[in-house]
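Both complexes shown next keep chain A, but they swap its partner, so chain B is in the first and chain C is in the second.
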Partner chain A sequence: MSVLRFVVSVSLLVFLGAPLSGAQEPVKGGTLTMVVQPEPPGLVSAFNSAGPIGVVSTKILEGLITYDYDMNPKPSLAETWKVSPDGKTITFNLRKGVKWHDGKDFTSADVQFSALKVWKELHPRGRSTFAKLTAVETPSPLIAIFKLSEPSPYMMSALSGYEGQILPKHLYDGTDIPQNPYNNKPVGTGPFVFKEWQKGNFILLERNPAYWDKAKPYLDKIVMRIIPDASARAAAFETGEVLLGGFSPVPLNDVKRLEATGKFDLETKGYEYLAPLFLLEFNLKNKYLQDKRVRQAIAHAVNKDLVVKTVWFGFGKPATGPVPSVLTQFYSAAVPQYPFDIKKADQLLDDAGFKRGTDGKRFKLVHDFLPYGSDYQRTAEYLKQALGKVGIDVEIRSQDTAAFLKRVYTDGEFDMTSNFFYALPDPTIGVQRIYWTKNIKKGVPFSNASGYSNPEMDKVIEAAQIEHDRKKRKELIGRLQSIAQEDLPVLDLFEVRFFTLANKKVQDHTNSAEGVYGSFSGVWLKK
Partner chain B sequence: MKDFLRRFARNRAALGGAVILLAVIAMALLAPVLYPGNPWDMVAEPFLAPGADPGYPLGSDMMGRDLAAGIFHGARVSLLVGIVATAVALLLGVSIGAVAGYFGGWVDDVLMRLTELFQTIPAFLFAIVLVAIFQPSVTTIVLAIGVVSWPPVARLTRGEFLSLRSREFVQACIAMGMGDLRIIVLHCLPNALAPIVVTGSLMVATAILTEAGLAFLGLGDPNVMSWGTIIGAGREVLRSAWYVCALPGIAILLTVLAINLFGEGVNDALNPKLKNR
Partner chain C sequence: MPRLFGYLARRVLQAVPIVLGIAVFNFFLLHLAPGDAADVLAGEAGGASEEYLAQMKAKFGLDQPLYVQLGRYLANVASFDLGFSFRHNMAVTELIAGRLPATLLLMVMAVALAFVVGIVLGVTAARHVRKPIDSIVSIVALLAYATPIFWIGLMMILLFSVNLGWLPSGGMQTIGADLQGAAYVWDIAQHLVLPTLTLALFYLALYTRLMRASMLEVYGQDFVTTARAKGLDERRVAYRHVFRNAVLPMVTMLGLQVGSLLGGSVLVETVFGWPGLGRLAFEAVFQRDHNLLLGILLISSLLVVGVNVLVDLVYAKLDPRIELR
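Let's turn to the complex of A and B:
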């Protein structure tokens, strides 16, 4: 009897035994209509971390493990696993009887192929996550042994269906993987089978009758609608045309009105895995910003509470440093803080030698904002005002996403950006790229664009990569946070709180840190 | 001139347009006096309805910015963009039209095919493309609007020049050996001016609308507050705070209407055939 089936039967017993808890037995059948925005560029996440792909692909393809709210690993394609005492060997026992949607058996060869040929070589974060992975041994079709040159404790956080997606070797081996036609009609092991993709309109998935978790999935179909306009999405939710959407699918300022109708569940859980952080990147080549005091003055001049409350309508939490508080295992609040204090900011700028001119201005900076919507533009407008108060003249520059990424990460022609990063479950995967000297890479989006290089920081980062002892590693990451907050090559403003909006009919849509990146095998519709 | 003013004043609609237009111009001029602060400043509680707080008679937007200040300062931007963009369009259109109409022949053919090429592209879409390519700023927006709106002016000017070219006084100038440039600027242009002025005044209205449309689509200059910017930002809260969109919308409506009425009035007053209408 599989572990999961055991869990299901136990939870059923719990449900039956506690009728007052309000939990109900799942009902089979029905079609879940949801929105995915923007339209994904493909349907496979194994080598492309773009957000919307993850929403679709995780229903079709799976990873070795999955996670609960606290990022504890749970079985998925791997039933059990064992990490050797030196941390350099991880043995996965794979689930028996799992079949690809085309009928072929899922084996350890698929795991080997995906890890070495796809994640390690092609995935933007996988390249560093799996850098120490030297080989995957396959002594039997149901055993995959990961061999590492150094311990990589963070790797166990990167094996979900989104971050470490297993691809079918028989369809991908020997092909140009990013151009493989199956990227647009994926074949997976997951609870739903890809049926149709009408570009600009919808993606249709159907129930996988041969899913390894026999009772699941409960839904017959999932229709993922593509609706580019945020206000139109809000209207679609209201009419019941759409039942679910992740990543804050409706305008933030419309949420209160939708909530008041009583028809919807607003769920902010399920984004713990991504742990998105909104931050300002400073170009340390700028003659003003290269002075630490100027960066600290900017930190004092920005009212983070106001940004969260007014600009982001409360969908955030002021950040205290580079590691978001949802990463409970690593988060440290004991780092230098810069409370909102205009006088202090003025003082620091005076000390740095940038006195106010006769017009009250000290110097000018151009601000580029990530053009992901009106919330981002309003943040830029706020920053212009806030920094104007301390004599920094800010000019806002708007451009499309491609131009923004090229300007910041390829040309380095910027003064200051507002942007957001996924901190992800482990600082080595998500946070280090902002501060590590080796991540000053032209052309790599969302890396160290500030040009920050501090040998002490590099030492801490590199030690944390291979430290196997949990406690010692936590100390190293605490050190990382202190140095980052002292030097401020980027200013962490707030932890973005995405939300999932769901019609009350939709049950169990969020039950792990993966949220809408979950497989949805347990989602069901109330009649 | 007196005759013109009398005829203009007899047209009530035109007079009304002129009054509103003057009011808008006054708003633009008085903005820094009445609202000396920056219109982007977050001064009030967010989402104040108009009239809810006497300090902010027109209410505030989602960021707590004073809408009255925004609309007064917005008048400056909208009028400025309207006038400068029209000036750019007139400069391009009149030059091309004048040269084409005056010289005729292959010059006319080349320039008119070029004009037709521009005319076949929908003006607003073309403006979007230009602004998107050159990144939104007041300069690029003004240039983009100018570049997409010159063809009608060019055709109009060409028509006027074609007929002027064969008039006796122009022939006389040529016979006297006067230079082409001098004839165009000193003798033909003044005689073609009336219809150009009328078209130009109407173009200001179109330019204001185009700017508002661009800002609505997020292609406005993020550093200046125009009416379109306020509407674009307020669109998302249309269902809960309609006034954020409605107030600048009314301002645009009135201004564009006023300019049109004014332009029509000028046209009628300048047209001797309509003298006794």
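Let's turn to the complex of A and C:
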């Protein structure tokens, strides 16, 4: 009797449980049409971290490991790995039987070449991420041993198909890598094979029948369309011509209307790897802004909730400091805060000695905003209003991206910017560049433009780079967050929530912190 | 005939300094914009190391003084080499050639449609001047001319693609369908309808108004009165006498528009995701892809010069009073 009941309940569980947990059996076949915007300048991420390249490239080329939502490493081209107790040797056991799309074997020589000749020399962040990497030993075709001069705990977060992409040595060795013709027609190990790129029109990928993960990929083809106009992208979603797009592919004010049709999934997960932050950079050479009280007053004068809710239609989360809350391993909320308080702001500005004039104004600042779309412009307009209320007269100046970058990072001719940074999975990779004295570098985009230099901060930053103990490192990064919030050389406004818009037909498109930078081998289309 | 060759040879010789001047002017104009291609690439990548930026600038030749860059560029142009687009990692000529078919298809269809329909509407309006039909044509032309082109495009997409589902909302073909022969042509034709209509609507307004004005002007001339006095019927007067004389300004306008064919239409190409040259040039501005932009501008200027010569020849053919000198 009890056995029978057990059997019945188990089969009921199996029967009912399956659809409830959403674990449906994937269906093979079909073409996934997605949008990629803007058009990528090339198709290889190994030495160019531009976003649109990542969306395309990660389907064709792979990294040693991949990650779950909490950035825990999972096997990809490496099946297992071992970090030595001193943190200076990492041994990767590579997957057997993996072939490049042209039929050649994937070996440890490819790993060695990519790490030393590509990432370390050419990747915009690689030079610092892999700074301590001195050699990659290849005792056998399936073993790659990374040798480090100092422990680099953050390196393990930089080995995905986007951040640490493996290139085929036989096609790149001895060539001018950034100008290799294969950058426009990549040959990889990934689930999809590059087929065609008609510039300004589309990129076509086809199923790799010899993919190492035998049952996958499920899709026959992926078409990446280039649709430059945001409203036209929204229309293409509505007609069903486009099924998926990442990085907020439609205007924020169209989202509600599209959601109301019930045809789409709106997914804000899958950007944890990038951890985007919207922030204001202050030029500390400015005679007003060099006073900490002025910067703190600005922090009090800006209503972050309002910015997120009205300007960004809720696609964000007010920031509490330089490390976004999605970086669960490092995030600390116990840092100085500046709640929205106009009186306090007024008080701080009075204390700093910048009294209101007869016209109610204290002083004037010019505000440059990153020209990435109307949302950025509206944020600048809000800031003008908000700071006007505490007597700071703000003049908004607009220019295109190239001019903005040159003004801020080469000429340093700005008072205050609104800008956008990726915090990336590890603060040593993404956050320290804003605060480190050694990163005050003329001409380098997204460096320490405020000119902030604090020996105590530098000490914390440099200690965190080589601290191998997880707990101690977390403490150091907590310290970094406190100092940053106290000094406010930049004001972190909010964590940007990108969204992926997908037709309900598309299944399993977001299942890790990599989101649209994932390989898409497990994506399938409901019939 | 020898006279014609002499004329052509002189025009070509005259064109050389013009085109050279345009190239030099463009070069300096583009370099007035702050920032360069390496800055943009590094910005898009979300950062770059100092060493990498320096490497990139050296490779792109951006570390050289401006006069050296200009000298290199002119030397390239003189040998019919438009240079290399570092951003696209492709030769400029290859990039332009890739976009040319789509550009020509859209522009030729749109201008031809606008030219023909514009003539018909303009003639109709002029023949019924100050009657209801004239007012209707004039109002429609004015509306089409005054409405922003991207807005018309988006409304067309909303109506014909989203609501009615008759036509694709953008792109140039069904990708990955591997269509052949007639099916392929039909597929492209379907994608071509909305952008062509949108673009033609704008030009149409121009042609209609010009044709109407031109017809009315000729109607007022003495030889028309003479023709009528001879007892010719209105139809014959309109088509034999007035139309043939009124069409000359239309040829001028057509010449102007053919000259700008290569520029494409940025707005229509953007709204419909049409892979044309206009967008390529527009994006090149923001990407500071100077070689590419200079290449497109140079080819466009060559086309303008060429079409001007052609228009002069057509003039001489259409109106015997005009002589080639």
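Please note the rule applied: the second predicted complex is superposed on the first by the 507 of 527 C-alpha atoms of A that agree within 3 Å, B and C clash if a C-alpha of one lies under 4 Å from a C-alpha of the other, contacts with A are read in each partner's own complex, and residues count from 1 in each chain.
Simple rule for what comes next: contacts are C-beta pairs under 8 Å (C-beta built on N, C-alpha and C of every residue); 3 or more make two chains touch, one makes a residue touch a chain.
In this text the structure is predicted, and so the values were computed from the model without any measurement.
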item	value
Fit-or-clash call for chain B and chain C when the two complexes are aligned on chain A	fit
Which superposed partner A:T261 touches (first chain B, second chain C, both, neither)	neither
Partner chain in contact with A:Q385 - chain B first, chain C second, else both or neither	first
First, second, both or neither for A:D400, with chain B first and chain C second	both
Which superposed partner A:S374 touches (first chain B, second chain C, both, neither)	first
Partner chain(s) touched by A:E241 [first = chain B, second = chain C, both, neither]	second
First, second, both or neither for A:T358, with chain B first and chain C second	neither
Per-residue touch tally on chain A - higher for chain B or for chain C	C
Touched partner set for A:S231, first chain B, second chain C, both or neither	both
Which of chain B and chain C A:Q179 touches, first, second, both or neither	second
Shortest span in Å between Cα atoms of chain B and of chain C, once chain A is used as the common reference	6
Footprint overlap on chain A, where chain B in one structure and chain C in the other make contact	231, 399-400, 403
Contacting residues of chain C [partner chain A, same complex]	33-36, 39-53, 56, 59, 86-90, 95, 98-99, 102, 150, 154, 157-158, 161-162, 165, 168-172, 175-176, 270-273, 275-276, 279-280, 283, 285-288
Contacting residues of chain B [partner chain A, same complex]	38, 40-42, 46, 62-64, 132, 135-136, 218, 222-223, 233, 235-240
Chain B-touching residues of chain A, taken from the complex the two chains share	230-231, 251, 253-254, 256-257, 306, 310-311, 374, 377-378, 380-382, 384-385, 388, 395-400, 403
List of chain A residues in touch with chain C within their complex	31, 33, 38-39, 41-42, 48-51, 122, 124-125, 127-128, 178-179, 181, 183-184, 198-202, 204, 221, 223, 225-229, 231-232, 235-236, 238-239, 241, 399-403, 405-407, 410, 421-422, 433, 441, 443-447
